[in-house]
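Look for chain A in each of the two complexes below; its partner is chain B in the first and chain C in the second.
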Partner chain A sequence: MQIFDIFLLEAVLNGLLLGGLLALLSLGLNLVFGVIDVVWICYAELIMIGMYAIYYFYVVFGWPLLLAMAAGVLLVAVAGAALHQFVIRPVLGAEPINQLLVTGGVLFFLQAAATLAFGIEFKNIGVRLPPIVVGDISFSMPRLIAFGVALAGMLAMYVFLKRTYLGTAIRAISQDRGIMPLMGVNPNRIFIFTSALGGGLAGLAACLLVLQYDIHPAIGLSFGPITFLICVLGGLGNMVGGFVAAFIFAQFISVGGFFLAVEWGYVIAFVFFIAMMFWRPQGIWGGK
Partner chain B sequence: MNAVAAKSSGAMLRLEDVSAGYAGFQALFNVSLEIRPGESIAVIGPNGAGKTTLLRTISKLIGVTSGDILMEGRSLKDVPAHEVIALGIAQVPEGRRLFARLSVEENLKMGAFLPAARPRHSERLKFVYSLFPRLQERSAQIAGTLSGGEQQMCAIGRALMSGPKLLLLDEPSAGLAPVVVQSIFDLVRRICAEGYTVLIVEQNIRQVLKVVDRAYLLETGRIKSSGASAELLASDEIRRAYLGI
Partner chain C sequence: MRALPWILLAALALAPLMGMGNYPLHMLIQVLLWGFVYTGWSVMGRLGLVSFGHGAFLGIGAYVVVMLWNSYGISPWIGLPIALVLAAVVALLIGYPCFRFKIVGHYFALVTLALSEIARLLIVALRDHTGGSLGVTPKTDLTESSYSLVAMQFSNKLVWFYIVLAVWLAGLWVWKKVDQSMARLALEAISQEEDAAGSIGINVTRLKLGITLISALMTCVGGALYAQYQAYVNPDSVAGIGISLQMVFGVIAGGMYVRLGPTVGAAFTLLLAESLRLMFGNSLHALDSTIYGLMLILFIIFMPKGILGGALEAIRRKKPMPVSAQNA
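Presenting the complex of A and B:
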């Protein structure tokens, strides 16, 4: 009985850490949707690009790891801005389905391009962080870092959106795009900035994922759907909701996996998602 | 050109034969008008006359197809919409258009978004709150939950936060209860008294003519007549068509 409790506690704590990672993943996608009203279906592929970038900067070019990561974040931020300028902007006034298809097209383009450029073999940056053991419980170090970074990122984002002029404009533009010029705001510049920020968050996620996973052209498929589901569960565009949903989802995966098999954790989580879509289609945190 | 420059000296805003419209639909035909510093004028006319289009054209939200708009002698031809406010033209749009999920204070903050306006944010906030003490009481309230009159105050306050020379007001009385309409016109009178140059567009002709110095009558996109408010109030044309006397 004693042992059982400790393993359950470990599952809960690991779920908490997984929740941090999922929360960080959903942050950028939610930001972009909340502000620009466009879903980046290719969001996880931006993360994949970031992972490859870090791999090349660190392993191939031999840069220090933190520099490689910073450069990776910057590169994905630029990719996010470019995605808006060249792909989203021309369809900004189009039907939502067209916007979805266009970013879906970018998803396949990036996957195919990555396959051609980097090959299909798995790559690894070869950094292995030891798990942290407290008593009988062990934590994955990368997940602990991801958890900390996700909390810090969320907090920084909150302060930025609440306190600064630019942050207030980002919240305002999602409510009324048409009158922003009357405030002296160039809407396109806000969109480009938001896209770069969303890209930068994808880059940040890439930094944490390269510590835990091998890199391959289809890795986006491992994170893309779950990121999207979490955003929907929290209410698309609602960053606080996405944050809460990430932790709930992670607990289903982790604790469900503890009682049954690991795969069952995902099954339970997705059944929960489907049930929630019937019960609260606006998201658990959604108001409208 | 010299003659034009001489003529426009003294005018703060000057519209010269401005035509404008939307895709496939012309809404303004050769509209000319001018506003001198410190003056308050109204553009009156029936629904669909092009009054809102006129203000949207001045703010460059709609392109000018022919003619020119001059602010203090400077042509707005190549000025994009988001730079118009930097020239001192602030607009309170039709329907108020507050950011409904931002607080009152955040809405006012958006009015001071211009980098040039930011250092004077707290000073102007104080001024706006002195003008509308009600807004100060509700500063943390979400703008969407304000009453109609309070929302109009907030929209006017937001426009004042940029420190404009010229304030454009689009139908400030629309959609408000009669009692509130009266208080909004009192507010407009106070803003004029503060020395702001005001261009107000209204359907509520009787009320607005009591507030402004001069007015232009706009019908189907054309200026039909203009004159001092008292003159227009007394004119048969206006009395018969708009005041129902």
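Presenting the complex of A and C:
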């Protein structure tokens, strides 16, 4: 029996690349949760807004692609800040579950508003990057880029949180939300900034997703659930854990999809998730 | 005042006999059916167990019954108990470890979210049997007569109205029983401070499991009835994150802490969607859901107790209760 199967290897490597993309998706959500203690159920819908923004800037307004992407990132960052200021902030004192639900309302709203504004037709920016072929294995170029950007984003995030004053303030506030105001830090400013940063990361994910997928109002639903589960599996707010979990999930999806249908890959990944929750409720990377 | 609910109930039960059109009757059935499902969700939701996984139980109820009938000709009357057993097993499988290991709040919501997505993906993945995303229709047994008891198919909406009315009333009865039980008090204590509740001898895991079981079974029944009434289901309408969120939101809109709150929520969300659709037609696609989404956000921020909950509170504040009622 031949154990080394070239197609299996391709599935594993593609899973690795998918892992990079999923890791990037979970990064912003994890940041926001870690600092503000709120799960943005509508996170994937922010990505969807970013994808539409890039589509309009690039295809409709005819801007250069990179400029369109930068504008898209900026727009979603502003949307993230606005989300915090107008939606999250009023319920920060309420029961935690209300914060989860209110962003669920935003999910409904954004999805419907996008349908209203952009229609349900699939849109595509029409940029097709050629795959890279090494030997018998072909890699998807956008996935390779996504992988690289995810690693770079992760690294940049780490340096930002560890080395800058603002990053230190963010880490401090995530450790003790109560005491920081007494130390002269304005938590709301930090929250707004973190939300903008989280939004910006969603925008970055949008830049990478438009290269691979068609844009439609419900695209958030195909990425949303998996992103939350990755964050929970890694330990909500734990970025390194999220990173590891993203790669584990991606392998299940990719290899599972190789042996069975794609949905089975997801089913296996989700079952694995539930099983892991019971084994390590604090996440695979959590301490205690 | 005591007789008032009974008069209203009698009016509701007799209303369709007064020559109600097919369309209003359809809406009424929908409201009662979803009111029952939402009530089932709130039985546990109001005690701090916010589940995004009820799409799975709805899906089990709908699909198990339809698949058994379509593939093996097993009557829904036998299929329903089978679906209930399956839903109970799933509820225990997911509930026991969750409660044992104290998975609460966000984590519980997200773990159950995975459950409802698994249900949806399984239905899609088993497309050779379930018809996948296209959905499935129960094989009709109405070729000779206008009803088939064996197949649980009735072309007369009136029959459905009374079935759904009975089930809805049963749902309210379950709510009342739970509300009056000691278990409710214990569960409320648990939702406030789980460790403290455990330390005074409350069996946290068992109580949570019990309430989850009741809630899951109610939702399962709702799913089965929905599939039989609509005679069509697809994975997105009975499973997955969409319907699970919709359930939670309907409940929030109506108010999850009062008995009729979930039903009011179902009426509100269905009528809002219908009237917006009628008002704007299909020309402005999705305008109704946009307004709906916006209202949800406003509700959660400004009126977390929901329509009925908020209204009752306002009434109570206006006229202070007699002392005897306060003590009751």
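Here is the rule we use: the second predicted complex is superposed on the first by the 282 of 288 C-alpha atoms of A that agree within 3 Å, B and C clash if a C-alpha of one lies under 4 Å from a C-alpha of the other, contacts with A are read in each partner's own complex, and residues count from 1 in each chain.
Keep in mind that, in the parts below, contacts are C-beta pairs under 8 Å (C-beta built on N, C-alpha and C of every residue); 3 or more make two chains touch, one makes a residue touch a chain.
This structure is a prediction, so every number in the text was calculated from the model and none was measured.
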Partner chain(s) touched by A:Tyr158 [first = chain B, second = chain C, both, neither]: neither
Partner chain(s) touched by A:Phe139 [first = chain B, second = chain C, both, neither]: neither
Touched partner set for A:Leu229, first chain B, second chain C, both or neither: second
Residue contacts on chain A - larger count, chain B or chain C: C
Partner chain(s) touched by A:Leu101 [first = chain B, second = chain C, both, neither]: second
Partner chain(s) touched by A:Tyr213 [first = chain B, second = chain C, both, neither]: neither
Intersection of chain A interface sets (partners chain B, chain C): none
Interfacial residue positions of chain A with respect to chain C in the complex: 39, 41, 87, 90-91, 94-98, 100-102, 104-113, 115-116, 119-120, 217, 221, 224-225, 228-229, 232, 236, 260-261, 263-264, 266-267, 270-271, 273-274, 277-278, 281
Complex contacts: residues of chain B adjacent to chain A: 59-61, 80-86, 90-91, 93, 97, 99-102, 106, 109-114, 117-118, 158-159, 162
Parts of chain C lying in touch with chain A, wherever the complex brings them together: 48, 50, 94, 97-98, 100-103, 105-107, 109-111, 113-115, 117-118, 121-122, 124-125, 240-242, 245, 248-249, 252, 284-290, 292-294, 296-297, 299-301, 304
Parts of chain A lying in touch with chain B, wherever the complex brings them together: 165, 168-169, 171-172, 175-176, 178-187
